[in-house]
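Next come two complexes, and both contain subunit A; in the first it sits with subunit B, in the second with subunit C.
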Partner chain A sequence: MAKKTTTKSAPTSPRPNAWAQRDAKTARSLRDLADGVVKSSLAGREPKFDVPTRAASNTKWNKSRGILQMGPASNTRELFSLGQARSFMQTLLHAQSIQKLLQQGKTSSLRGMYYESKHTIAGTKESTFDEQAESDKILEDLEVTLGSLREELHIFADVRGGLVGNITFIDAGDEINARRMGSGGYQIPSIVEPEIIQFAKCDAEFVLHVEKGTVWRRFNEDRFWEKHKCIVTHGGGQPPRGVRRLLRRFHDELGLPIICLLDCDPWGHYIYSVIKQGSISLAFESERLAIPEAKFLGIRAKDYVQCELPEDVQIALNERDIARAKQIREYPWFRDHRGWQREIKQMLDNGFKMEVESLIKKDISYVTETYVPERLAAKDWLE
Partner chain B sequence: MSEAATMERPARPKRQPKPRARATAESLSRQQRDISVSEFFAKNRHLLGFDNPRKALLTTVKEAVDNALDACEEAGTLPNIVVAIEELHAPALRANGDAQASKRSAAAAPSRYRVTIADNGPGIVRKQVEHIFGRLLYGSKFHRLKMSRGQQGIGISAAGMYGLLTTGRPMVIHTRPDARKRAHHIELAMNTKTNRAEVTVDRETDDFPIARLRDLSPGTRELAGRDELLAPEVFSTGTSVSIELEGKYQRGRGSVDEFLELTAIANPHARITFVPPAKGASAPDEEEPLLNDTKEASAPESDTQTAESEPPASITTLELPGVTVFPCGIDELPPETKEIQPHPRGIELGMLLQMLKDARQARENTSLYAFLQEQFSRVSAASAAALCKAIGVTSRSRVADIDHAAAERLFHELQTFKLPPPPTNCLAPIGVRQLLAGLLKGVKAEFYAASSRDPAVYRGRPFQIEAAIAYGGDLPRDEPARVIRFANRVPLQYQQSACSSFKAVVDTKWRNYDLQQPKGSAPIGPLVIMIHVASVWVPFTSESKEAIADYDEIRKEMKLALQECGRKLGTYLRKRAKMKREGERRDVFERYIGEISRSCEALTGAAAKEVYEALQRQAKRRTAMADQVLDDEGKVVKEEFDESVLIVEPTSSAQPEAAAAESVPGRSRAGGTAESDRAPAAKGQPAAPAPNRMKKGSTEKPGGKAERPRDAQASSATPKRAGKPNPRTHGRSSDSKPRGDSEGLFEDSGR
Partner chain C sequence: MAKKTTTKSAPTSPRPNAWAQRDAKTARSLRDLADGVVKSSLAGREPKFDVPTRAASNTKWNKSRGILQMGPASNTRELFSLGQARSFMQTLLHAQSIQKLLQQGKTSSLRGMYYESKHTIAGTKESTFDEQAESDKILEDLEVTLGSLREELHIFADVRGGLVGNITFIDAGDEINARRMGSGGYQIPSIVEPEIIQFAKCDAEFVLHVEKGTVWRRFNEDRFWEKHKCIVTHGGGQPPRGVRRLLRRFHDELGLPIICLLDCDPWGHYIYSVIKQGSISLAFESERLAIPEAKFLGIRAKDYVQCELPEDVQIALNERDIARAKQIREYPWFRDHRGWQREIKQMLDNGFKMEVESLIKKDISYVTETYVPERLAAKDWLE
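Our next item is the complex of A and B:
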C-alpha cells in the first residue's frame, strides 16, 4: 500500500455542478446517519443503523443482466453490543473525516483516511484504528450504508493500471492524448467519473485489457494499439475500481468491445469474472462496473498444443489452484457455460497453468504479432 | 512369628550330611503362647498413631480430648476442656545448663513432655479407673451402635502405654465422680504382658481441678484470676489425665494446634483451653516433613497472608500469652444420640449365628419372632412374622430350634426383605449453620456453602455426610484445594489420600463448577473443602483412625454433598464471571462513547456533552440490567442464595455483617436438583438475617477482611443444663488484642 498521506488537490473549476450535487447528497446522508444516533441517544434508545451485508450470502447472480448484485440483507450495527461497539465508533469517526473532506473539497487516499481517523482514545491505550484493513472495511461499510460511491466520499484508492491507445480525453481539465504517452503510458486514476474524465476523440475499435504492466509494456513497445486501432489497458493484476469503471465507460459510451488477455490460471479466470459480472465484495458496484459483454481471448488451455509451446512454460497447478479452479467452475455464470466448463476442465487435465509472458518462448513479439491478431481475426474467444 | 516361618521353610535336600533338627513340634509347643493385645500394640504402636514423636504427642492429646468430649456429652454437660503441654527437661540436658545447646538438642531430638487433659465430665467411678486407663480394648463404646468419638477402647490406654514405654513414668489420673466427695488421685502403669494396670499410687485428694495448671503461663494466671480457667464450680466433677511421654511439639500441619483448632470448628459447643509448652522451650516451628502426609495434595494454607497486621479475625478465638482459648460458640449440646440395635441389612451370617446363640443362652425359650423384634432395629411385629413365615418356621418357633440351615435362610431373607432404613436419631450431625460458622472462623474466604445430606446406610449402619466449602478471599489461588476431614466431629489429620472423603473430592467433577481440576486430583483454586462423616460406627482404615474406609455408599453420599456445595459455588462463580464480563462491557462502551459523541457533534451540531451523558446513562443501565439476565441454563440467576450459602463482601470498609444460617433439615433425598439447593429457609431458625451481598465488579480483588459472624457466638451467659452456675464469660474485652504468636490454623503468622 502506498503511504499516500497527502490529500490530492482536486481542481474545482472544471467540475460541473453535478459533483457539487453529489457532495450535497453525501453530506446529507452523513448528517442523517449521525442524526439518527443523536436522536436515539437523547431519547434513551439504543443507537444503531443498518449496514447492508457485503458477503457471498447476500450476493445475487442476476442471470438476465449477467451481473452480480447485492441482495437486500443488512446487519444492524449497534453501539451496545460488545462485538460491534468498536466498529460503531469507527463508522462515526470516518463519517466525520469524510465530512471534513467534503467541506474542504479535497480527496484522500484510503491510507490517508486511516491516518485521519486514527488516534488514541483519551484515557486508554486503545487506538481507534489498529491497521488500515480495519479502516478500509469501515469505509466500504459507509459506501453501502450511505448508498454513495467511494468517489462521492472523496476517497481514492492507490493508482494501479495503465492505458495507451487511440483516444484523446480530458482529465481534470487537462487534455490527454493517449497516443503520445511515451513508454510509461497513462496512469488510470482511481476516480474516472464523467465529472473528472470526459472523452474527446476516439479512433479505437476495441479495448484490449491485459493482466499486468509487463505484458502491457510489450504491447505498447510494439505499438500494437496503432496497428490494430485499439486501446490497451492493464489493471496490475486484479483491476482496481478505477480501471473497471473506465473500461465500462469505454464500453458503454464509446461502444468498444472489451477483450481480455489474461493468464491461464484460476486467478486469470477470476479477473475476467470480476470484469464481466462484478465481485462479491463490491457487488453493490456491479451496476456501474460490470461488463457482461467482455471477452476472454486467452491464454487458453488449448494453446499449449495449438501454439506448440515448449514444456518450459508449464507451471504445475498446486492444490490451492485446483481447489480454486473447481470453485470457479461452480460459479453460476460459469456453471451453465459449456465453453468455460471445457476450458477449466482442460486446464485441470493439463495439470499446469500458463502465463501470458510464456508466449515469449515462441518469439518476443509473438503475442503482439501473431497470437492476438490471429485470435482476433478468428474471433476465437470465450464470452 | 519367626518360629513359624522357620518351620515352613522346605526341608533341605537329603544329601546334606547330618541334617540338624532345628525344631521339633515339642520344642515349638513350649514357645507357643497367647499374645497379649497390649504386647501386640506395644510392638505395633504405629498402628495406633504413635509412629513418630510429633505424631505421638498429637495422638495422645487427641485420644484424651475425644474421650473428654464424649464423656461430657454423655453426661449432658457442656464440655470445658483444658489441654496443657509442659516441656520437661531431661536431666542430662538440664545438667548441661547451656541454653543454646539445650535449644539445639531440643530441635534435633524429641523432648519429654507432660500432657494433661482435664474435663468437666461426669468423672470415673474408682473401680473402673484401672480398666479404662490401664487396659487396651476395654471400653463402653465398642459394643454399642451409637455415634461417639471413641469407639475401640484403645486410645487413651495406648497413650499411657506409650508414655510408660518412652519415659517409664506412670499415668496420673485425677477424677471426681461425686461432687460432694474428694477426688481420687491414681497413678497407674500398664503391664503389657497381662494387659492390666498396676496401680502405684491410690489416694484421695483435694487437688481437683489441678491447681498447677493455673500457673503455667501468664495467660493461665490471667484467666485463673478471672475465674475462667478450671473454676471449681465448673469442674465439680470431672477427670484429668496426665501422661509423660517422649514427643515433639511443633506447630503447623498435623500439629496439636491444628487438631484443637479443627476440633473447635467441629465442636462449637465445647470450650477448649490450650496451654502450649512455654516459649523457647519448644522446637522451632519450621515445617518439617511429616511421615505420611506432607507430599499429598493439601496446600500449605498460608502464603497469601503476609505480614499485614490482622485485626482479631474472630471473636471466638482468644489468644493470651501462653494460652489459647477456643470459647464455647453455642450454649447447646448436640442432640443426644440414641443407641440403636443393628439393622438386619448390614448383618453378616456369622454375626447372626452369634446373636442367635447369645439369645438362646440368655433365655432358653425366646421365640424367633421376639428375637427379631428385640435384637434388630426396624423389625416390626408384622415383619418378624413375615420373616418367620418366609423361612418356613412359625412365629412360635424358639430360637433354640433354629438350625444352621434355617439361620442361613433367615440371613438371605434379611438381605432382601423390605425394611425401613435404620433410625437416625443415633446420629448428631454438626449442622449446616455450625459448619458455616466453623469455616467462617477458620478460613478467610469470600464464599461459603454447606450442605447436610440425609442419613444413609452402609452395612446396616446409619451414617450422615456433611460438607462445606469456602472459596476465594485470601486462599492461595494456584494450589490444590485443602481438604479438612472430620469423623464424628474428630479431625482427621493424616493419610488424606487413603481417605474416602479425599477420594470423593477427587471424584467430584469440579470443572462443572468452573474450577480447574487436573485429572485424578483435587481441584485447583482458592478452596477449602470440609467433610464430616457422622456414624454409629465410622469405618476407619486403621486403629489410629486417620482415614475413612472407602465404602461405596459413603463415597457416594460424600460426592452428593460435595456436588451440592459445588453447584452453589458454580452458580456463584458464573455469576461473578458474568459480572466481570458486564464490567468489561461497560468499560468498552464507556471508552467509545466519548469518541462517538464528539463525532456526532461534528456531524450534526448536537452538543457532544449531552449526547455523551445520554449514552453514559444508557451504558450504565444496560450493563446493570445484565445483573438479572439469564444464566447459562436459561434460568434467572437469583440475587439471593439460600441460607446454606454465605458470601462475604471482600472490602475492608464493609460493615461488620455476614451471617451463618441454618439450612433446611430434611430436604429431599435426591438433593440433585437445583430446587433443593434453593430450599426455602426454615421458619423459626435463630439465624440472623443473612445479607447475601456480592460486591459488584471488583470481586476479583482479594484481601478484604471480612467480619466474622457474631451470631454463632451465643451471647447468653446462662447455662442451659445441669443447673450449674456458668462461670464462663466471653472475654470480649480482650478480643481486640492482636493475635498472638500462636499460629492460626489457616494462616501464617507472618514470620
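Our next item is the complex of A and C:
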C-alpha cells in the first residue's frame, strides 16, 4: 500500500452506517406510499396507488440530455380490482420487507426478497409469489414508484465484473488500493453508492472498460493501467448495474472519460448502447446509470483493413446478427449519428463480426501495446 | 493494511518471473514431444505420439486416495492417418503457441489460443481450427500428454469467484490483505499457482465455500469471516478451476478444512462432488484439484424439519432433478457412503429442493448467525 494517500482521515470502522440520510429519504417514500393506502381506507375509499408505466410506449429519448427517460404515464393499482389485487398486495409486501432491511441496515438479494415475501395466504393454497420473476417485476415497480434505485432499497444483484488501476478508494471502511490488486483484481460489488464507496486518491486520466474478464486479464498482465494512467474495468459481458453505476460515478465525480473496448458485433454495440443511454425496458434508471459521453474505441468494422488482419478473424454474421444490427441502427441515438450509421453499415457490408481477442493474430499484446494506445492518441473513437 | 505481517521480505516487483523453473519443466515436455516427431520423421518412420485417453472408460476411482484418476489407456495420434492427420497437426500447432507463451512469459485465454493457432492452410480453403470447441479439446489433450495443468501451459479461463477473510497473500508481487477488501472482495484469478500467489499471514482456521456471490455477500456483510476466523469464497455457481485450485492450496499448504455451503439439489451435490473428487470428464486434473476431505455442511434434506422451515422454501423436484439425483447417487464415492445415500434418499423422499437463500425465511442473518455456527460447532456435516 502506498503510504501517502488522502485517505488517512477516512472512516475505518468496518461498517460505517453512512446510509442514514439516504435511508431516511427512502423510508419517507415508503411511508408516503403506505399512508396513502391507509388514508383512503379510513376514508372509505378504495385503497390504491399509482405506478409509473415501465414500457417502451412510456420511454422517451431526451435528445438534449442524451439519455432515455420515462414518460409521464402511470397505472393505478387498486385493491378492489380482480386483475390488480394480487400485484397490489405483492407491492405492499415487498415495501414492508424493504422497510425491514432499512431498519436492520442490511442488504438482500433479488432471490432473498422473493423468499422473504413469499408465503401461503392463510386458509388458502394461494402463494403470495409463485416465481422469482414475479417478485423482480414488483421490485422494479417499487423502484419507479418510490423514485429510488434498487440499490437504495438495499437490494443487490449477483456479483460480476472487476477492476484494477490508478485509484485508491474506501469500500465499507476498507482502503482499496487498486494499484496493488495482483493478478486477480478487485471484484466490483453490486451496490457502489457513495455511502459504501468513497473515492480517495485518483491519478487515473480515464477508464478503459472492456467486455470480458479474459481481455481484462491481458490489460492487467501488461500493466496497461500503469503505463497509461487509467482504471481498467470489465463487466463479464453485459455489465451489471453495479459496474455501470461505478463507471458513472468515475465519470461524474472524478471527470474521467469512459472508453469502451467491445466486440465488433451487435452484442458489443448493445453493451455500449446500454452504458451510454440506458436500456429501453429500464429507462427510469438512466438518470443515474447512463453515461451519454461514453466512447466506443473499438473493435471497429474498418479494423479488418486498417490493422491488416488475416481472414481468420472473420466470424460470419448470421441472420439473427443481421436483424439485431438493423434494429440497433434504428435506436434514436444511433439513427441520427452519422458515425454509427457508417459503422453498422460497414459491419453489415463486411458480412462478419470481429472479437477483441482476435487481435492476438497480430501479436499477443498488440491490443495493449499498439491498438488501444494508437486509437487513444488519435482520439479515434465513436461517441 | 495491517502493519505487521510476515510479508515484508516478499517480492515487490510488479511481475516477478518466478515461473522460470516450472516453465523449464513444461518446455522440456514440449521439446520431448517435438523431438519424438522429428526423430521418427528423420528415421523414415511415420511421425506420431501418444495421447492418454480422456474418457469415462479410462477413468478410475481410486478409493484409498479418494480421487478420480486416469487409467493407463492412450491413443496414438499419427500424421499419416486420414482420421488423425488433422488433430495431429492441431496438437503441434498449439504446442508451438504454448512454447511462444512460455518464452514471452505471458498468458492467454482459451479464446486467444483458438485465434492464435487458427489459420487457413496455404493453397486450400481448409482452416486449422473451425471452432473454439475443437481447440479447447486439443488443449486438454496437451494437458494430459505433457502432464501439465492448463494453468502451467499459461492458459487461463474466464474470471469467476471471489474471496474475503483472515489471510494475507502476495499476488503477482502485490500484498493482498483479504481482511480489508471492503464489500466487493478479491476477484479470484484463473491462474493461482505458487509462482503467482504466495501465502503470507493466515489466521483463518477453515474455508467456507458458498455457491453464489449473493450468499457470499451476506457472509461478508455480516463479517462472518472475522467472527469465525475463516476465509469465505464463492465460485459463481460451478466453481472454475482457479477457485478449485486455490481451495486445494488452502487445504494442502495451510491445512485448512474446506467446508461447503451449497443448495440442497442435484446441482449443489454435483458442485460438491467436483470439488471433492474431480469431474469424470477431466479426471487427469483431480491430482491437483480434488479435495477428498472437503465437507458438505448444508443445505441438508433434514433441514426442512430440523430448522422448522415453512412450506415456502420447497421447490418441487422435477423429472430431470430426480434422474440427476439417481445418477449422482451411483457415483462410487457416494455409492459406498451411508451418509450420502441417506441424504439423497431423503431429498428424493421430500420431493423438493431447498436453496441456501431460502433460510432467509427464518431471518435475514439466520444463515450466518445461527445455521452455519451451530453446524460448525456440532461438526454436523457430510464428508
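Quick notes on this one:
Simple rule for what comes next: the second predicted complex is superposed on the first by the 361 of 383 C-alpha atoms of A that agree within 3 Å, B and C clash if a C-alpha of one lies under 4 Å from a C-alpha of the other, contacts with A are read in each partner's own complex, and residues count from 1 in each chain.
One rule holds in what follows: a contact is a pair of C-beta atoms (placed from the backbone, for glycine too) under 8 Å apart; a residue touches a chain by one contact, two chains touch by 3 or more.
No experiment lies behind these values; they were computed from the predicted model shown.
In the superposition on chain A, A:Glu355 makes contact with subunit C only, while subunit B stays out of contact range. In the superposition on chain A, contact is made by A:Ile364 with subunit C only, not with subunit B.
In the superposition on chain A, contact is made by A:Thr107 with subunit C only, not with subunit B.
Once the two complexes are laid over each other on the shared chain, residue contacts for A:Val305 go to neither subunit B nor subunit C.
Of the two partner chains placed by the overlay, neither subunit B nor subunit C lies in contact with A:Ala133. In the superposition on chain A, the chain among subunit B and subunit C reaching more residues of subunit A is C. When the two complexes are overlaid on their common chain A, residue A:Phe88 makes contact with subunit B while staying clear of subunit C.
Of the two partner chains placed around the shared chain by superposition, subunit C is the only one that A:Ser190 touches, whereas subunit B remains out of contact. Contact with subunit B, but none with subunit C, is seen for A:Phe80 once the two complexes are overlaid on the shared chain. In the superposition on chain A, A:Leu33 contacts subunit B only, with no contact to subunit C.
Overlaid on A, the two complexes show subunit B and subunit C touching the same residues of subunit A, namely 100. Interface residues of subunit A facing subunit B in the complex, by the touch rule stated above, are 30-31, 33-35, 37-38, 41-42, 44, 46-47, 79-80, 82, 85-86, 88-89, 92-93, 95-96, 99-100, 121-124, 126, 128.
On the side of subunit C, the complex with subunit A involves touching residues 1, 14-15, 100-101, 104, 106-112, 115-116, 118-120, 127, 156-160, 162, 170-176, 180-191, 196-197, 212-218, 221, 223, 226, 234, 236, 310-313, 355, 357-358, 360-361, 364-365. Remark: subunit B residues 585, 588-589, 591-600, 602-604, 606, 610-611, 614-615, 617-619, 622 touch subunit A in the complex.
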